[in-house]
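Here subunit A shows up in two complexes: once beside subunit B, once beside subunit C.
Up next, the complex of A and B:
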């Protein structure tokens, strides 16, 4: 998704782009997500700023891309089970509001006006009208198609980058694949969870780690969940650096009918083994939130690997260690949402345009020689 | 649709257990032990017992072996059951499933 957005905005800036993907379109993390475009789950700071810019850009894109990408400005609803977690939400909401995030407190007895199937025993929550959703695989594909239609984007699928070409002074000159060398003055590393590997090919360290997540999919249903609904615990889970299994219910409907149930997080490398424990917890938490879901069947599940950087911020921008190399990866679980702003920033850097925000917090070399997994602040 | 010849008649076989009744959309259907719901409906000439979610087109058994999920029916009030796999039992109530079969929980 991030790569598709980089290609799209770079092409719009008049640049010629070749997208090289070792798999099919959306074959990695993009195709394994829920299509979250969230501002509600982010603490004020650079990531929220990036998310707010992206929210605006996604709205613009929804006019450019066909309806098939299933963009829905449905809004988010964050709920708290008790007074203590409601206080935490209230504090976060107030700070987010000062940063430009619209939200409104909903009393416990008002929650079911917004979501009729919600459990009646919740303490309250917050409604975030800027949260939205998209079908990520289709969005990536149509973004690439829009880029290709401009005549400036070439797509090469099923090709693995095996090396980064460099000039005598160490600057990037292109990439090597099985079918030959591709010369280019700039290489953008948008390899997501595998971004660390591509950085390594270029001779630099970027500690991107996989953080596994499962999504549970129900049978097709009529609309039973209107918003993106999740519990206050989710915010804490997203911000945590723990390697252990964490689950907190995130529930949303889709235009196709199935309800998607997330979200689990665990750092277990690239292990695709089905975790019954993760699924059991997701199902239990979702049915506690929406008792009606205990009457429907889960028909399948899928797993993906979020590209995790130790300080939870993506790496966006030029790598000062290798002239010509730029990074656009490490967005963890927010890559779909943050893609347009990332793409725009990369395009502006490449075309010498004015940057839409301060990108210093996303400096790719901020980790220095940190060993993977060691938390470091920028 | 009555058939002139059935496999049972051809070999002169008779079921050991007595026939029983199920209903399809309120209409009584007589069937035999050991038949799936799909087989029971088929032998009564019923070929479709579900409508598609978007186009409302009729659907019945396609693969007949539990793989294609085309034969979904609402059986005893429970939607999305594979009629080709569920054995018919005396008194079963089969109803045509409209789309996803969960209209009652829509908001």
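Up next, the complex of A and C:
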């Protein structure tokens, strides 16, 4: 998704772009995500700023892309089970509001006006109208398609990048693949969870680690869940750096009918083995929020690997260690949401345009202390 | 550990640890369970169905009062023998158990937990776990379907499905039934239908049976298979059934249900030959293009697979039926389609090997029985390989299709939509087609359309990915309430099983064939 957005905005700036992927479109984390476009789960700071810009850009894109990408400005509903977590939410919401996030407190007895099937014993929550959703694989495919229709984007799928070409002064000259060399003055690393490996090919260290998540998919249902609904714990889990299993249910309906239940987080490398415990917790939490779901069947589950950087911020922009190399990866679980702003920033850097925001916090060389190749923990 | 008789009397089949859990009570699973049990192991035998026998020995509920269910079966005596041994021994037969996943805890004394749901056919579903030191997967196969215009009309049934209906309920899919597709099963199905009183105007086989003649050594090595073919052939002749090879049903006609089919000649690549279409009147069509090993419980654990000669994925097994994951054995169709006799032989080898492993921690000594079983297995595997090569779908089958033909029936996705995803939007494999079109996201989870979608997505040249085995981490639907009410387990400190060594190179490829978001 991030690569597609970089290509799209770069092409709109008049650049010619070749997108190389070792798999098909949306073959990595994009194809395993829920398509969250959230501002509600972010603390004020650079990531929230990026998310707010993206929210605006997603709205613009939804006019360009066909309805099939299932963009829905459905809004988010964050709920608290008790008074204590409601206080935490209230504090976060006030600070977010000062940063430009719209939200509104909903009393416990008002929650069911927004979500009729919610459990009646919740203390209250907050409604975030800017939260939205998209079908990420379709969005990426159609964004690439729009880029190709402009005549400036070439797509080369199923090609592994095996090396980064450099000039005598160490600057980037292109990439090597099995079918030959591709020359270009700039290379953008949008390899997501595998971004550390591409950085390594270019001779630099970027400590991207996989953070696994499971999603449970139910049988198709009539619309029983209208918003993106999640509990206050989710915000804490997203911000945590723990390697241990954390789960906080994020429940949402889809236009096609199935309800999606995320989100678990654990750092276990690239291991796809099913975690029954993760599924158990997701199911238990989801049915606590929506008791009506307890008789509904899960028909599928899948794992994905979020690209995790130790400070939870993506790497966006030029790498001062290798002239010509730019990074656009490490967005953890927010890559779909943050993709358009990332793509726009990369395009502006490449074409010398004015940057839409301060990108210093996303500097790719900010992780200096560790030696290359050692796994880090924050 | 060898169990005491009191274990059986204890009553709670879930409160104990078995030496072996066998999943699937068909030919392979039965043979494996009774063999291991007779060698002193405590064994649990889980199966979805209420009665043992699997697909091959499916038989009517006793309430039907069928006098001779064996009339529809070959080799009923072999089944009767296994059933007798099961009844005489103390295998814990857990019928009506839908296994949805198998979990492995690395390094634990009891590494395996089999998760199942009982009561799924009525209400009162609840989760159970069976704990075991080893697991034998004998989950069989399901039928491969390739779509063609009209295949969604009522009256079109799976060939294996037609036979199952007949065996289980003595029900015929129609009075005048065309049998079509490819594979040796078609002859058996046609013979069963004809014997049970249906008219079978034609058996339409896309492959040429001449393929067998090119492998005389393999044929001669398995005289029992030849005898079977002769029996079916004779039955068909006796009923006036005509076998049309190198032909395919390329269209089904009818408004509310099947009224006729068009049968066309096909070339060696299964490309229809223009102008050869002939209409045959019928009120049902039983169609199937071979069988696909049902291996999702194993692929979720990271078991190594191999590509079979007819394009399916089967588990890669060693001489003692071991998968690439320690402690997990497999037998029968999961290791490649080979039929009931082969399944029995492999089940017995697995039973002997598991017993040796549990008791002695080693592979079985080279006794005469094992040598004999392995000789028979090699012979039958060679025959099965030849059969798979003869009946492998030709590349040209997709030319039967028009863009309006539905591929995925659950989600109503057409051939045209799949082709668009490949040509215009960068899909290169079944998983991406699924992401972009929803093909395979429905109730059957791609079991019906998976083979066809994979073929349509697989283009020529290096830019296309080789098909990978489908992953279905949930082997069956599980109610959320049931899932959420499982006992909590401590997540293991170390990541569980980076499975077998064979999985390693593949684990970080972003192409896990799991389903995506909807």
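The criterion applied here is as follows: the second predicted complex is superposed on the first by the 369 of 378 C-alpha atoms of A that agree within 3 Å, B and C clash if a C-alpha of one lies under 4 Å from a C-alpha of the other, contacts with A are read in each partner's own complex, and residues count from 1 in each chain.
Operating definition for what follows: a residue touches a chain if its C-beta (ideal position, glycine included) is under 8 Å from a C-beta of that chain, and two chains touch if they have at least 3 such contacts.
Computed from a predicted model, the values in this text were never measured in an experiment.
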| item | value |
| --- | --- |
| Which superposed partner A:287 touches (first subunit B, second subunit C, both, neither) | second |
| Touched partner set for A:219, first subunit B, second subunit C, both or neither | both |
| First (subunit B), second (subunit C), both or neither touched by A:29 | second |
| First (subunit B), second (subunit C), both or neither touched by A:155 | second |
| Touched partner set for A:295, first subunit B, second subunit C, both or neither | both |
| Touching partner for A:279 - first (subunit B), second (subunit C), both, neither | second |
| Touched subunit A residues, subunit B compared with subunit C | C |
| Subunit B versus subunit C as contact partner of A:257, first or second or both or neither | both |
| First (subunit B), second (subunit C), both or neither touched by A:117 | first |
| Where subunit A meets both subunit C and subunit B, residue numbers | 219-220, 257, 295-297 |
| Touching residues on subunit A, where the partner in the complex is subunit C | 23-29, 31-35, 135-138, 141-142, 144-145, 155-159, 178-179, 193-194, 210, 215-220, 244-245, 254, 256-258, 260-261, 266, 268-281, 283-288, 293-303, 305 |
| In the complex, subunit B residues that touch subunit A | 53, 80, 100, 102-103, 105-107 |
| Subunit C residues within the subunit A interface of the complex | 101, 103-104, 113, 115, 300-302, 411, 421, 424-429, 431-432, 435-436, 438, 441-443, 445, 462-465, 471-474, 477-481, 483-486, 488-491, 495-499, 507-512, 514-518 |
| Touch list for subunit A against partner subunit B, complex | 115-117, 219-226, 257, 292, 295-297 |
